[in-house]
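Each structure below appears as C-alpha cells.
One chain, chain A, links the two complexes that follow: it is found with chain B in the first and with chain C in the second.
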Partner chain A sequence: MKFTKLTALAVTTALVAPAAIAQEMTIVSWGGAYTKSQKNAYHDPYSAKSGVTIINDDSSAEAVAKLRAMNEAGNVTWDVVDVVAADAIRLCDEGLAMEIDPDTMLAPAPDGTSAADDFGDLLVSDCFIPQIVYSTTFGYRTDLVGDTAPTSVCAVFDTDAYPGKRSLEKRPINNMEWALICDGVAKDDVYDVLATPEGQDKALAKLDTIKDDVIWWSAGADTPQLLADGEIVMGSTYNGRLFSVIEEQKQPVAMLWDAQVFDLDGWIIPAGLSDERKKQALDYIMFATDTQRLADQAKWISYGPARASSAPLVGKHAELGIDMAPHMPTDPNNAQNTFLYNYEFWADYRDDIDGKFQAWLAK
Partner chain B sequence: MAALTPISRKPMSLVLPTVAAAGGLLGLFVGTANDSGFLGIVIGAAIVTALAALYIFALKNEQMSKWISILIFLALGFFVGGIPAAILGALAGWFFHWFTYWMYEGRYRQRLLPYLTPSQVLWHYGFRVICGAIFVFLITPILVVIPLSFNSQDFFTYTPEMLRFDPAGYSLKHYQDFFTNNEWQRSFKNSLIIAPIATVISVSLGTLAAIGLSQSHVPGRRAIMAIMISPMIVPLIISATGMFFFYSSIGNWMEGTLGLSKNFVGYVKVVLAHAVLGIPFVIITVTATLVGFDRSLTRAAANMGANPVTTFFRVQMPLILPGVISGGLFAFITSFDEVVVVLFVGSASQKTLPWQMFTGLREQISPTILAVATILVVISIALLTTVELLRRRSERLRGMSPG
Partner chain C sequence: MTDTTSDGPMLAADGTPLKKSLARALRLQKMRALMLIAPLLIFVLVSFIIPIVSMLMRSVENDIVVETLPLTVAELQSWDADSGELPDEPVYAAFVGDMVVAIDAKRHTRLGTRLNYEQTGMSSLFRKSGRKIKRMDPAADAPFKDKLIDVDKKWGDVETWRVIKTHSPRVTNGYFLNAVDMRRTPEGAQSQPEDKRILVKLFVRTLIMSLIITGSCILLGYPVAWILANLPMRTANILMILVLLPFWTSLLVRTSAWKVMLQQQGVINEFLVWLGMVADDSRLVMINNQTGTIIAMTHILLPFMILPMYSVMQTIQPTYLRAAKSMGATNWTAFWRVYFPLSIPGIGAGSILVFILAIGYYITPEIVGGTKGVFISNRIAYHISSSLNWGLAAALGTILLVVVLILYWAYDKIVGIDNVKLG
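The block that comes next holds the complex of A and B.
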C-alpha cells in the first residue's frame, strides 16, 4: 500500500512540477551566426528584462510548410518566427500569420517618428515586421583567382579567366537575373525579359554555359564551407556568412559586391495563438524591433538594420572591434550596383520558372 | 592450419604484372588526390615494377632492399605531401617490398593446401581483399570525423596545419563548445531523458507482447504480430506525419482537458512516439529468445505453487534476459538516433541531440557536430563493451559457456 502511495505522490509531483517552470517562448530562426546575433541583441536582454526563457528553434527554412501543418493540426508551438519577406507575404495571404498594426504594436523611433514611417517602404506585408536588409552576393578565394581579382558579377560566367568550380543556390531566384545581366540585358529590363518564355530560355542558356562547373547549394552554410575548403573559386551566399568567413574565420576570401541582390528578413507572429501567448509575442516584438535593438544586432552580424533611425547607431563589431558600417550591404561603396529582389514578379512567376529551372537542372 | 606447402620462385611474367597492378591501385589514389587518376595509375605501376625488378635482379638481398624500399617511398611521400604522406609512404614502401617477395618467392602458397588450383588460390586471397575492403568502407567514414573534431578552424576541413601535425592546427574548442553551449547541453539532456524512458516503455510492452504472441492459443497472432512490427517496415517519414497529427490531438486534449503543462505534454508525445518505434525491435529479439525457452518450466513452477507473476520474474525473465537486453539496446539506440519523428512530433523544448546535429549540419556546418559524434562513438563502444562483459560474467557465474 505504501508503495502505491509513494508512486502516486511521485506521479503527481512529476505532473505538477513542470507547470511551475517560468514562462517560455519558442522563437524560430535560421540558426548559425544569425541566431547568435539575435540571441545577443534581442533574446538575452529580453530574458533579463522579463524573465521569459527563450527557446531557439532553427527551422525557418521550412517555416511555411510547418506552420501550415501546425495550423491544420490546431497545435501551433511557435511564438515568433523569422522569415524572409517573400515567405511572410505567402503566410499573410494564407492567413497563417497575424496582421500587425505598426502604430500600436511597434515602438516609435527615439525622435518620435512613427514606426510606419521609420520602416517606410520595407513594410512589404501587413503581417511582416522587417528586421534586416541582407544581400545575396558572391565571395571569391583571393588565392585562386590569379592576378586580376574579379570586379564584376560576370566573372562567375567567365570560366576562361576564372577556371574552377563556383557555387550557386539551387533555385532560379537571383541566378536567372545574374545570367541575363551577363548576357547583355540592361538591368532595368531584366524582369521584362524574364517574364517571357524566350527570356527564361535565354537565362537558362547562359547558365548552361557554366552548368558543369557549378556546385548547387541549398543551405547558407554550404558556400562558406566550400570556400574554406578551396573547393570552389567563387560562390554566392548571404553577405553576413561571407563576413564571418572573412573577418571571423580569417579565410583568404573577398567580397564581390557587384550586382548584389537586396532582400528583407523579419518577424511574423503565427495566427491562432492563445491570447496570453499573443500578448507575450507582441511584447517581445515591441522590444526587439525598436531602434536601439536593431542597431545592436549589427554589432554581431553584417546585416543592415531595417529602421532608418537605426543606421546612425551602427557601431563596431562586439568581439572584433572593427567598424561595421563598411561591411553593410547598404554602405555606399558596396551598393554601387545593386538589385532589389522583385517580390511581385517572383510571386507571379515563381511556380513556372521553378518548374523550368528544376527540369533544366535534371537534364 | 594447413600443412606446409613446399614453395618455389615464381616466373617474372606473373610477379611483375601483379606487383604493377598493386602499384597502379596506390597510384590511382595518389593521382586522384593530385587531379589525374590515370597518370597516377601509370606512374604508380611503373615505379613499383621498376623497384621490384631492382630488388630481384640487382640487389638480391631481402633485408637491404627492404630498407631501400622504405626510404624511397618515404622520400616520395615527403615530396608529394609532407610529413604525413612520408609516414604513409614508408608504410607503402614496406608493403610493396613485402608484397614483391611474397609473390616472387611464392610465399602466398605456403599456408594453403598443396592441391589447390591457381584460381582457388586467387579466390582465397581475393575473398580476403573483398572482406578487407568492406571493412574499410564501413569504418573509414567513422574514423575520418575523429581527427576533424579536433580542428582549430570552424570548418570540416583538413587544414594544412593539421596535415603537418602542427599543434596550432588542433584544438579542443569544439568539445568546449559542446560542454558549454546551452543548445547542445539542453538537447543532450533531452536525449538522456527521452531515450531511457522510451526504452523502458518499449521493453515492458514489447516483452509482454512477445510472450503473449508466443502462446499458441492466441487467435490471429500472426496478424497482430504484423501490425505490431509495422512501425519498423513503414517508411519513417510516413509514420512521422501520421504521428504528428495523431499526437497533436492527444496533446491538445491533455493540455486543454487535463490542464497539463505544454512542456510536459511535449515530452510525453515524443516518449510515446519513440516507444512505438522501439517496440518492434524488442518483440523480434524476445520472440527469437522465446523459441529456445522450455515451456515445461512454467508448468513446473505453477505445479509448485508459484503464481504467474512470480513465475515470470523468477523463472522466465532470467532465461530470456539476453533477448530483452539486446531488444532494449536496439530500442534505446532507435530513440537516441531518431531525427525524423522528433522533428515532427516534438517542439523546440524537446530538441534532441540528433535534431540539434541535423539543424547544425544544415545551418552552420560546425565541427561541434563532429566532436559530439566522436563522444557518441566512444559512449556507444563503452556501452556495448560493458553489456557484453556483464553478459559473459553472468554466464560464467551461472556456469554456462559464453556464446
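The block that comes next holds the complex of A and C.
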C-alpha cells in the first residue's frame, strides 16, 4: 500500500510540475550583491506586475559550459541568463543563444529613440542585450602608498615607488594591455602590437618585472579581501567590488581609475526554449531593460547603466544615500583614460595567448 | 527407494529432471536478484558510465569539420598541402556552397571556434566571412576564388587551407597531441613552441604533489588513528567528532580559513612576528604557492586517511603487543615488528583514497595554489568551463584516468590489493 501511495504521489508531482512552469522563470546571474540589485530593480517589480515567480540561480560563472551541456541534453532549464559580453559572443557563435532584434524585442527610450540607437555600440553581439557597463580597475590602500598616491596605472609596475604585493587576475586579458601601455606602447597601437608574437613577449617581459610581487586572483572577491587585510598595496578587480570596500565597509582604500577597462554584462536568452517560455523571457527582457529599470539598478550597485538615456536618471544609493554618479565608471571624471575590452581580438587570440600566459606563470 | 536405485535422471515431484528443475529455480532466483539491483544498475549505467564514456569519446571525435564543410573536405583531398600553392577554384566553389548551408543553420561560427584552437584568427575569420558569404549565390556568382580573397585575405593564405585539411578527419589524435604539448600538422606530430608547453609539466607536478600530500597524510594521520583506536570508547568517540567536524564543514570555508591563517598578514605570521621569530619585513610566504596547496589539501584529505586506519587498528588485538613484550621485545620492536605490519592494510586503503582524491582536486589548488601550486585539473576545469575546448579537456581527463589506472595496477603488483581493508 505504501508503495502505491508513493507512486501515486510521484505521478501527481510529475503531472503537476509542467503546468507550474508557465508561472515560474529561472533567471541565472552572478549571485551576491549583484543578484540583489537585479532582484530589487527588475525581479520584484516584474513579479508584482505579471504574477510570475522568479527563481534565482547563481550559475553565471559556469553559464557557458552548463548551457552547452543542457543544450546537448536537449533540456534547457534556464529562461534568461546574465553573462559578460565575451561569453555572450561565444554562446552566440556556438548557437546556444537566441538572436535578438533590438527594434522589436527591446523597449525604445522614453523620448522615442530606438533601442538600437540607445544602446549604440554596446550591442556587441546579435544575441546580447547589454545591461551594465562595469570596469576592471585598480584599488589601492591609502595607508600603504606613502605620501604620493598613485595616479597612473603604471604605478602597478613601479615596485620602487610602491613596494609591496599587488594582485592581478590570473588570465592574460587586461594584464597584457596594461603591461604594454606601461612599456611605452601608445593606447591605440596596443592590439596591433599584441597580435604579434614579439608584442606578446614584450608584454610578458614587462609582467616578468613584477612577477614575484603579484598575487594572482581568480574570484572577484579576492582583491577586496586582500586589500582589506592589508595583504596587498594595490590590486585589480571590478569597480563595484571596490565600491563596497570603500563605501560600505569603510576600508582605507581608494580607486585608481586610470586605464580602467570597460566591459559589459547583460542578458541572453538560451536557444531552444519552447514558444511559451520564449514569449515569457522576451516579456521579461522588454520590461527589465527599459530606461527606468536600468537606471534603478544603479541605486543598488555602482555599475553604469548600458542605455545612454538611463544615465541622467541615476540617483542616490538606496541604502547609503550617497550620490551614485561619481562612483560610476562612466562618470566623466573617472573616464578620462579608458579603453573598451576588445571582444573581437580576444575571441581570436584568447586560446593562443592564454597558453603562453599560463606557461609563463608556471615558469 | 526406487528412485535411488533407477539409472535414469533424478526426477522432481512434477516429473521433470531434478537438475533442470533446480536450474530453473536458481535462474528465477537470480532473475529476481537482478531485478532487485536493476534500478541501481541502470542508474549507474545511465548516470555514470555512459556520460563518462561519451565524454572520453570527445577526445578523439572531430565530426564538426567534415559535417560543416562536406564538399570542401572532399575537394581538398586532391589538393597537395605541401605544394605551397593555393587550392583551385573547385575548392573555393565547394566552400561557398558549404558555407551558405552552414550559415543558414548557424553552424559556421562553431566551426570557427573549433579551428581557432588550432590557428589563431579562425574564429573571427568565419564570423566575418559568414556575414559576407551569406549574400553570395553558389549557383550564380562563380568564380569565387578572388571574391573570397576579397572578403578576407586569409582565404588567400595557404596556411588557412592547410589547417582545414589537417583537421578534417572524423577521428583525430589532435586533442591528445595537444594534451602532451604537441600539435597536429600536415607534416605529422610536432612539439609545441617552447613558450606554450605547460601541460606535461602540470601532469608531473600533479603526481608529485599528490604523493607528497598522501605522505603527509600518513605521517599526520597514523598517530591520530593510533590514539583513537587505543583510547577507551567514550573518549575515542569525542575525539572522533573532532576528526569528523572539519569533514562536515564546507570545502570552500576550510580552504578560505587556511588563507586567513597562512597569508603574510595572517594569523601565523602575526604570531611569529609578535614572538620575534620572524622579522616584520621578511614574513613567511606560505600561501599562493606549493606549500599552501600541500598544507590545505593535507588538512582537507586527512579524515580520508584517518578513518580507514582507525577501523583497521581497532581490529588489532592488544594482546599481540603484550605477547611480543612478554617475549622480550622493546616497545619499538613490538610496534615495528607486530603492530605496524598489521596496520598496513589501513595505510594502503587510506593512501589510495587520498591519492586518487588529491589527483583530481581543483578548487583548493585554485584558491591557495597561486601559480606554482595548481594542478592539471585546474586546466581541465578551464577548458571545460572557460575555453569550451571540451576535446582537449576530455583528452587530459583520459590521460589522467589512464595514469591512475596504471598506478593502481602498480600498487596491486607491489602491495597487493587484497591487502587493503576499509575495516
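Following the convention adopted for this analysis, the second predicted complex is superposed on the first by the 341 of 363 C-alpha atoms of A that agree within 3 Å, B and C clash if a C-alpha of one lies under 4 Å from a C-alpha of the other, contacts with A are read in each partner's own complex, and residues count from 1 in each chain.
Here, contacts are C-beta pairs under 8 Å (C-beta built on N, C-alpha and C of every residue); 3 or more make two chains touch, one makes a residue touch a chain.
Predicted model, so just to flag it, every value in this text is computed and none were measured.
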Clash or fit: what happens to chain B and chain C when chain A is overlaid? clash
Would you sort A:112 into first (chain B), second (chain C), both or neither based on which partner it touches? neither
Touching partner for A:350 - first (chain B), second (chain C), both, neither: second
Using the touch definition from the top, say if A:51 reaches chain B (first), chain C (second), both or neither. neither
Which partner chains sit in contact with A:75 here, chain B, chain C, both or neither? Use first/second/both/neither. first
On the A-aligned overlay, A:361 touches which partner chain: chain B = first, chain C = second, or both, or neither? second
Touching A:229 in the superposition: chain B (first), chain C (second), both, neither? both
Have a look at where A:184 lands relative to chain B and chain C in the superposition and call it first, second, both or neither. neither
Touched partner set for A:332, first chain B, second chain C, both or neither: neither
Scan A:321 for contacts with chain B and chain C and give back first, second, both or neither. neither
Only chain C stretch among 116-124, 152-160 or 278-286 with CA clashes against chain B is 278-286
Note: overlapping chain A surface for chain B and chain C spans 61, 219, 229
Touching chain A in the complex, chain B uses residues 153-157, 183, 244-245, 248-249, 251-252, 260-264, 266, 347-349, 351, 359-360, 362-366
With touch defined as at the start, can you tell me which chain A residues reach chain B in the complex? 14-15, 18-19, 21, 24, 26, 28, 30-33, 35, 55-59, 61, 69-70, 72-75, 77-78, 219-222, 224-225, 228-229, 249
In the complex, the residues of chain A that touch chain C are 61-62, 64-65, 68, 90, 92-95, 165, 170, 201, 215-216, 218-219, 226, 229-231, 344, 347-352, 354-356, 358-362
Residues of chain C defined as touching chain A within the complex: 106-107, 109-110, 112-113, 116-117, 120-124, 127, 192, 195-198, 201-202, 260, 263-266, 288, 366-367, 370-372, 374, 379, 384-390
